[in-house]
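Lettered A, B, C and D in written order, each chain numbered from 1.
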């Protein structure tokens, strides 16, 4: 059976790729489009390292079929910075040492960006529960949550 | 993986046609948060995947006869954002909103959670407690069914080949009524329920319970409506004695298994504990505290 | 300033003002990591690349009768299939004593089975095909005929008289006279100090408890991944993430029977290791598949494979017995550890014996350790290997002793704390250490005296790790414009590039931003021991300091030429060459000297190849508050404080990060992480849903206190910090839970079902 | 004469349980050679997975480390890192 020809929008640019039905959106981003910023940590939706935005909703790219991207708008980590201007979250993850190995960082930044768009002034608990789907094994989450709260404050102009 | 067809029907009729043509080798795709994990692990090998998210009727939430009609493909995140449903049936919304992480919430649907047939499905006990019904479409037309009659055992449903759930109906809330759902998971998030308890009850003007439904998850091959537990509350002020009797009925109804998440003894005891706590929250909501 | 005489000399830093050390700089590799551009193991693609899949045993213990690959080879798109037969046989006694005791025979058989499989997930064959999908199908077409044997899943089962013996060639080592019959007990280790029997006889109070823990995994989020390409002349390139590219080169060359010079390993960014990536699993398979297929081969593990088939750390039991006088002085300590080694010998039980009582000054100590084979994946290092389970036993028994004596557990530790000159259980006398300082910091911390509510409890526990030195190399290259490259051979797991830049800046006296630290491949810097043992900031840091000093000496020689003075007229201050004698020579900046490099002799650089000695042990003390739901056994961590002596924090944020990360791994180990096997030895929780690691909403902020008692063995006082933080948490959490429920808990993990059984007195 | 302390297992296998010995040597290699003369086969046994501590300093890869007349030399299991 011929592959699906999928046309979609990724980080504001039109994109198209061929994929088989069982290929996940994560496989398509990484293997067909070379966007390796989203990472595979488990392929079962339990680690969040492949978090992307699909039509404005935060999802795990490993639990979406590539063919479902037809006509959708997708945002990945590669689209968070505007050219060389880092997003406040990216800046604070660096300044507040919110990453060590960095493999979970893309997922955390996409998820935290979705959080701040949903709730510009989250409490620590709200941030921790929203980000519970993003596993990190190096940091113990402390500096990640602080970086998210600091970025939120900066974005609110607080 | 043999080559898998993929269909995106735009209407219920079109979907029924797709499914009927696939002679039982088709799987319905709503959120996909269970289906894709099973696909990857090779537990399922469908010949056809039917994506029902493009059918408007399955994505809508609207009022009906004082209650709500919720599309089977509505995601947890969407339902969680619907203030009206959340106000009327907080327990049902709690059940759906507890499924997995924010990322899972962006996709997981009531239809998928029910039809995946997991005994521990978080949204099912609260739906059963709410006496919710489903509207089902299939080759022989449409029919209604109670939620508690859909799942027949782990991973098994009573849906006939080619049938799928189109929407759920949450009945009108009687005055002075409340519902709640609680579950026990080892962490604070990201786990499958070791025990789940959904309670829905209504009181008369003097605070006496006129109606009560108690449903448990993960303590039997499928989510179970514990009639004796409900009876233990009806006619009482839902005081400690009544709650203890209800908890005892819950413990008797448990037929759990030992598995990697919990033991028989543990599930049996905690089922009673959670049912009591959920009933207290439902009571508080019913008396408008 | 870093002058030649500083290296290795004992210097008192207390008053010293550092110019760059201690700054919270932005890590040089950070921007790529926050924008998704950084390349981890699975992010490489190579022209002509095909994809590899491994066929793994579904049985825990079985003989391989036959492997039929014909169907797989016939599948369109399949390019190569390998089994154990494709690898050279390795002599059974072929052991390398590098950074760790390595049996190449065991390693080779663990990477791909030969005649027997020893655990669920043991690799049996591998196939490479043009697409991952075809490789997946081909793997299913490979038919393996097994003769299934009875598995041995726990140490208790393995040590029974009639238990099936895993390896016919293993007789218990360390037992005299050497036993003739083969055994599942691979070795017995014993340490003795003073006269324990006399010690216990002299004790007023003796307490003893037995503890147990389960197999747990390092849990790095990045699965193992590599890409191997081999040309017709045998020259091989391997792109992979690991804790040591030189380790990957050495082990892969040995197992594939190749010369080291034929294998080049290019390090990718590593997505977490914690000791689990100090060994190889995929690289030799990818090389052999690439050789047979004549195409580069990429292999990436699924999470299922990582949990089933890569080294977790040993589960085991710890029996601790402590004798003390009424005033709390400990007079005797006894510890017996039984660790599950997995399929091949090599649990870290000896290290457990050495570390268990290490924080304490006890004259009479006896520690015995048993390394026991079971049908589980071969244990690999996991952050302070062996120490957490031993400390869990000792630190909880100390808590029992404190209760028995009616003494505050912190005071009891203070009274018996090891200090400079104390003889450790393994016989060596400690140099300058900071354990007491961590206890004083704990006592002064508001957490220690904060009030507690109902069903709440507070636990305290301490921990130790040796920290090691070892072989490291560094190159410091001055560019024409005076900027500098610092190349080392150690993968950067937690921010070590930033620390290397800070140490180089301190010696060179130039701004950190003008220094680019990088992790070089195996053909660009001399051999370096892997990243592990908390050694990088210490040992590779020392190499960087020496190499930077070497560069400064070169710069001073060039300045002397430019000024036409004798070199001992030249001093180096604040990044400039200064002429001592005449003031008519204005100081020369590094950029000014570099601009004339060609004229004064060619490129300017410095290098150092060292085997670092003088590693200073790291001590930590943690305080943990929990609340327990008595009706469901659910544990909530309310507050956590991690205190540790780090000698000198080069980059304070990443030192705090090590304390926080290690504490949370320890909390996961104590509360919900465990391997669950079926009766017939199949792993049941093979994913992150049921292998439960802590998530963000499970935890409070992890407060840290960084204590700095300088280590004399390092120019800036650095001690290793990476491993000590995981040692105290198991006991800190367990002691907190015990106080919360008023009963002593002894078996991890304290998951709700297990804890409710204890609460209900089952 | 430097004081040498053997691991218990090695002492039991070669020196009928006696761990402490006095040896004249100027470095660890010479010390091990002296032990080999006294207890044949001990050198090979000590090279397998043992580190050595001379006056408190632990060397994983010992060879020519200096041994002074008043030194204490202990053999320990090699320490691996995580």
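Basically, a contact is a pair of C-beta atoms (placed from the backbone, for glycine too) under 8 Å apart; a residue touches a chain by one contact, two chains touch by 3 or more.
Predicted model only: the values in this text are computed from it and were never measured.
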item	value
Chain pair with the higher count of C-beta pairs in contact (A-C, A-B)	A-C
Whole-Å gap between the CA centroids of chain A and chain C	29
Whole-Å gap between the CA centroids of chain B and chain D	69
Rounded Å distance between chain A and chain D, as computed from the means of their C-alpha atoms	56
Overlap residues in chain C, where contacts from two or more other chains coincide	133, 274, 688-689, 694-695, 697-698
Two or more partner chains touched - positions in chain B	1, 188-190
Where chain A touches two or more other chains, by residue	20, 22, 43-44, 46, 129, 131-134
Interchain pairs in contact, sorted by label	A-B, A-C, B-C, C-D
Of all residues in chain A, those that touch chain B in their complex	1, 4, 20-22, 24, 43-46, 48, 51, 54, 57-60, 62-65, 67-68, 70, 111, 114-115, 129-134
Contacting residues of chain D [partner chain C, same complex]	5, 7-9, 12-13, 47-49, 53, 56-61, 74, 76-82
Touching residues (chain side chain B, partner chain A) in the complex	1, 3-6, 8, 29, 31-33, 36-37, 39-40, 49, 51, 53, 75, 77, 100-104, 106-107, 188-190
Interfacial residue positions of chain C with respect to chain B in the complex	133, 136-137, 304, 631-634, 671-672, 676, 684-685, 688-690, 692, 694-695, 697-698, 751-753, 756-757, 760, 762
Contact footprint of chain C on chain B as seen in their complex	1, 41, 184, 186-192, 194, 259-263, 265-266, 269-270, 273-274
